[in-house]
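Got some structures for you, see below.
Common to both upcoming complexes is subunit A, partnered first by subunit B, then by subunit C.
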Partner chain A sequence: MYRKNRMGLFFLLPGVIWILAFTIFPLLYSLALSFTDRQLARPTSGQFIGFENYSKVFQGIASSVIDTRSEQGQAFFGAGASAVDVRVGETIPTTIFLTLGSTLLTLLLGTGIAWLFNHDFAGLRIFRSVMTMPLFAAPVALGFMGLILFNEQSGIINTVIKAVTGGQWVPWFSQPWPARTAVLLLDTWQWTPFVFVVVLAAMQSIPTELYEAARLDTRNSWQLFSRITLPLILPALGTIGMLRLVETFKILDIPLSMLGGGPGSATQTYSYYAYQVGLKNFQMGYGSALGYVLVIVCIIISTLYFRRMRSRYDQPKQG
Partner chain B sequence: MAATKQVHLDTPAPSRSTAKDWQARVGRALLWLGVIIAVVWTLFPFIWAVRTSFMTQVEALSPVFIPWVQFTPTLANWDAELNLGGRETFLALRNSVIIAVGATVVACTIGTLTGYALGRFQYKIGNSNIISWVMSQRFMPPIATLIPIFIVIQTLKLLDTHVGMIIVNTTFVIPFAILIMRDFFADFPDEIEEAAVVDGASPWQVFWRVALPLATPALTAAAIICFAFAWNEFLFASVLATREAKPYTYLVASTSTARGVHFPYLATRMMIAITLPVILSLFVQRYIVRGLTFGAVKG
Partner chain C sequence: MKKWQLKLSLLLIVVLSITSLASVATAQDTFMGLTAEQLFPGAQTDLERTTAMAALQAAGFPDATGRFAGQTLTVSVQQAGPRGGISGPYYFWREAFQALTGATLDIIEIPQAQYYTTTATDFLTGQNTYDVMNIGGWYMGDYVTNGWIQPIDGYINTEGYPTWEPDQVATPLYELLRWGGQTYAAVNDGDAQLLYFRKDILESPEWQAAYEAEVGSPMPYPINTWQDLLAITTFFNGKDWNADGDPDDGISLHLRSGGQGHFHFVTVAASFAITPAAGDNPRAVSKYDNVFWFDPEDMTALANSPGHVAALDYLVALTATGSPSQVGWELAEAWNNFLQGNAIATFSWGDVGSLAQLPDRSVIQGKLGAGRIPCSTQWYDRETSTMMDDAANPNCVGNVTGGSWMPVMSANTDTAELAYYFMAFHANRNINFWNSTAGWTGVDPSSLYQLFPPRGTASVEDYAQYGFNASDAEQYINAYGENLFSFPITLPYLRIPGTERYWNALDVRLAEVMSGQNQPQPALDQVATEWENVTNDIGRDLQLGVYQAAIGYTPGG
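The block that comes next holds the complex of A and B.
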């Protein structure tokens, strides 16, 4: 129904006002803050300092590749090499590992499980409901789940590993890469169901006739999957791939409640560090700049997503 | 999710040889094995947490799991959390309920109006542009809005209050409400409303008397999803509500996890934090796909 009516504005306005006030305005405010040296404890702060915060962020990010103490680093960073915020750099490997790792693992596992569930068998609905339960568990509480499952001495995971390998165990909490892997596995466990339900929905919208026709040529399940199912679910996979990327950039709850970012700063993600700078140390200008760099990354990814959505939403009526 | 849409990969084909028959059976068995592994992988951490919450610390440290045979279940941990440590837990849970319900009510009220607007009316500015703004909330890293929101809430003197937390959580969950309701109204046939218009009903009457009653299932789903996400919110609570209005997620995160972690205690707190939203999620299965992908994938 194409209705053009004054009432339309009445229905729309509350939502638009809310979003302007609490989403768009904070985003703009944050952009403004990121060009200042605002700190909570200092009333005189808040001076415009141009791109100083941003250059600090980018230098910090660069320090993940170039050691500030090396000769190269001295040349690259110049006199300010010792002042570079290397803690930003330290979060980069963790963030990339978690973001790419979790996105890829959830896509792979979710698609695999969806393929399994896309067969005709009893109890599908119940199993499907059970499978989505992790999505609704508070990530903060999942950190505790991690503490229990991955505990180095007596966690069930190490108990099993010891039984299988004859006494060897994994230092999940005391070594950087095992700790990151534990966080990755928890996040993967929580979000695989999301990929699973979405991909399953996409698979179930493929017309059965296509399979019937193809089955005249082959009964090989892999061929049916790779030639028919996969190409047809690819758009859905692309969409959730983007969503997952954007979501995992935000990982913070699980590493925070499980290991407090430790050991050292091994599980401290970029978001986590920005949070500490902005709201634990109250360096609001610098914290905003850290946040805004992430905003730019998310805008790039979500632009692709929105482009896909656009055609669908331009018509009030869609199929 | 109609059963007719299921793909019959292995059942129908009329087999000529027993070898093929056998192959199909093995395939079927492998399929079941895969499904069982997937379900166990999903359920195991929950089961393990439940088990741990009914144990003593010593038992929790050993790899036993069969109740009454390998260990005697104890209610001590639940008792300690709900009765002894009661006051703090009770207040935090009460805060969580107030905040989550408040945010759900506000988000669903505004979300239904805006969803109806976007599903039924055409705007000059472009409906898809408005929806992009709505969705930008879910795409933007919360870190970027946390600092300005902290300053705004502080300026409004709403730090550590339920109202402040309800505003913040509404902002997070409102995209779910708007987009679920928009989808519902956009798919909903026009004829019924047109009949009401012919009968002389005003736009508000059409919405309130005709469209809204029919939208109850979608609204329920939107409410449950909003409630679950508001209940699980931690990041903003950890900054904006650390004393009086502290929700349960913040209490959980501030549990001391220094050396000598008490497993059963952690497990109990974890179970209390996750049970309600996880159970509620079982009632919104039809809406999960659309709700969480903002309609990008139809489910």
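The block that comes next holds the complex of A and C.
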């Protein structure tokens, strides 16, 4: 028995080494870095500075609601108001817009399409396969594709809009909100199939007897959906919603490749800025702190979700 | 001598003559045993192939196959492909270089936006992938102070290497090849922004009359000041002056974040924010004169000076006389808009002059006008804290704005001699001249042999043989020469450590202003604040010393 366990441990070793080397070590190393002023290519950097980087991140986030140049800002941030990294704060509205917008849109569209595909019709399998194709595209490639699709002069989207509106077009790349919307649409386009696949599986696992029984009382499709389908796919939707929130919160590839974070900083997300700080400016200490705050937010979201799910399923049985 | 012997001798002479003529002819058609087709598989026209072959043969490169055979040289360059700007020439001449050296040339393309990050990471992690890196001039501060590259003075014009002429490089551009009294880069590209316009339209009596009728004063042509340019682009914007049925643009600029759009601002702001020194030497650097980026005494950021703000106000007004899409345009899109005949003017690098000659890119060959970058009738005098306004004596400041993309040698290369051979190959007069005549190469004039007299030694015919329209060549090359030599002062080039970070802050805020998210004053205030933070991050004392040396400021001097 012991020999068997030893052999089992031996087989586990590669996995353990992998996790230690590529997950645990970077995690701990970047945690340590986040308490220093380490900058690559600056040999004198690397001093321990306590929570200074985290303070800078949170001050930056606070600057999204308190203008550092206002009287209130001067009072809140004190003498260091001018040193507040307002670029962090500027990413917050964009990040929230994309995170909530994309999550909601993908959930709505994915569920809607799954509902359609939950019916029998000819060619269902082919359509289902085609629907999942965007999932296999690399987000960076999607960004470059967006450059072509949303091109203000020659893009297909503006060409259609011009044809429909008689010459009006949308400044996808040159105005902040259209640019953010373009990113949102591309991200939604890529991730809707993911929601679709999971929700469709959830729908197909619902026993048909339930629908048959319900149809004795009503043939109204909306009532069938809202009273039977939706409650039963809700756990799946919750899981997908949580995954999408975490995933979209990290969005970087599409704004980077399509718009370079612009116009101005309009499509710079929190992750984009963390990348900018850590991997372009080489401020490894500060970049690590930015990354850790992102990790903490993601952990909070998933913890809240799982706690809620647990409380839902762990309720004591009645009677 | 018997008759048959005489006949035989004559026959031998004839045969020998024919053989030698044939061998000479063959030699002219091949280089190191390779034909033009083999040497230049990327050439798209016979003109390209034949002129490139002639340039190669005229260069007199030493055969180095014995020294470098079997070695591999790895060169990094901005990603633009085998026919793209800056990377293109490395591909174009690759077979010739390999034939001369027997070495293998590996070209690694890196996207412009990732270039610094990728190459710096390579050094910092000790991978040392690249033997030669093609860098923008602003990288020099980081590359030299970190010890990533090595000087090449010991190699220049020594036997066994291609020759090139540092003394031929225009002084402001030559300075960019050097750091701390040593040469780190070989000449390749020479960047400076100049003004391009539609000569055919602006010189048309009908349009001049229309301008006067609408504006009430004669068209300010030739364009001497930014204010002249704005008046002209305002008039032409929205009019169908190219008669294609659609309203056309006044100006064409590229202003996309991360797309080098901030260079437009820098070029404009120079004449709004820099003052020459009083006295005999207008280029003398003091606390107030010939400074643009930082106060040379304490590194206080000057980005939000009234001169800079006035320049940004101006740029906003100028941008409004062109397509609203300029904010999202990359460099090529702005060029194409002008080259396709949809904009009356642009100010940009030398590429526009040579691209205008390519039929597949341009419809304006023979219609091109060019001039040195305009002066400003308004500028800020920091010493007296007054905004000056003098239309009769505008403030004129030249520039070498841009990357002037140049090859530098890694400090850790184990093929240093081969690396220098490569750098000198591309810096050679014949190759460099050829590159600067082909619009797609992205290589702009840098040296006296590319300029017309009295500043240089080239002629219109030199350009015409490469397909240039004579009038365009005259306009373009004369403007380039004027840009480099006719200004009393030049915008100081920012190339201190962390330049990428300073420029990123500027780039983002400028794009915010251009897209209507911010106003010039608060945006530039933010830039100044962010620059202060960058300076503090890197170390104010370190930066101050490097900055003073870079602009030639002597403390207490």
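The definition used in the following text is that the second predicted complex is superposed on the first by the 297 of 319 C-alpha atoms of A that agree within 3 Å, B and C clash if a C-alpha of one lies under 4 Å from a C-alpha of the other, contacts with A are read in each partner's own complex, and residues count from 1 in each chain.
One rule holds for everything that comes next: a contact is a pair of C-beta atoms (placed from the backbone, for glycine too) under 8 Å apart; a residue touches a chain by one contact, two chains touch by 3 or more.
Computed from a predicted structure; not experimentally measured.
Of the two partner chains, subunit B is the only one that A:Val140 touches; subunit C does not reach it.
When both complexes are overlaid on chain A, the residue A:Ala236 reaches subunit B alone and has no touch with subunit C. Once chain A of one complex is fitted onto chain A of the other, the partner contacts of A:Leu279 extend to both subunit B and subunit C.
Judged by the touch definition given at the top, the superposed model places A:Gln175 against subunit C, while subunit B stays out of reach. Once chain A of one complex is fitted onto chain A of the other, the partner contacts of A:Ser221 are limited to subunit B, with no touch recorded for subunit C. In the superposed model, A:Thr269 makes contact with neither subunit B nor subunit C.
For subunit A, the partner that touches more of its residues is B, with subunit B and subunit C as the two candidates. When both complexes are overlaid on chain A, the residue A:Pro14 reaches subunit B alone and has no touch with subunit C. When the two complexes are overlaid on their common chain A, residue A:Leu294 makes contact with subunit B while staying clear of subunit C. In the superposition on chain A, the residues of subunit A contacted by subunit B and by subunit C overlap at 153, 260, 279.
Those residues of subunit B lying in contact with subunit A across their complex are 1, 3-11, 13, 27, 31-32, 34-35, 38-39, 41-43, 45-46, 48-49, 52, 60-63, 110-111, 113-114, 116-123, 126-128, 130-137, 139-152, 167-168, 170-171, 174, 178, 186-187, 190, 193-194, 202-204, 207, 228, 231-232, 234-235, 239, 249, 252-253, 255, 257, 261, 263, 266-267, 269-270, 273-274, 277-278, 280-282, 285, 288-289, 292-299. Residues of subunit C touching subunit A in their complex: 113, 116-117, 120-121, 124, 142, 146, 256-259, 324-328, 497, 500-501, 504, 508-518, 522, 525-526, 529-530, 532-533, 536-539. Residues of subunit A touching subunit C in their complex: 39-42, 44, 69, 82-83, 85-87, 152-153, 171-176, 179, 259-266, 268, 276, 279-283. Subunit A meets subunit B in the complex at residues 1-5, 7-8, 10-12, 14-16, 18-19, 22-27, 29-30, 33, 112-113, 116-121, 124-125, 127-145, 147-149, 151, 153-154, 156, 159, 189, 193-194, 197-198, 201-206, 208, 211, 215, 219, 221, 224, 236, 239-240, 243, 246, 249-250, 252-253, 256-257, 260, 271, 274-275, 278-279, 284, 287-288, 290-292, 294-295, 298-299, 301-302, 305-306, 308-310, 312-314, 316-318.
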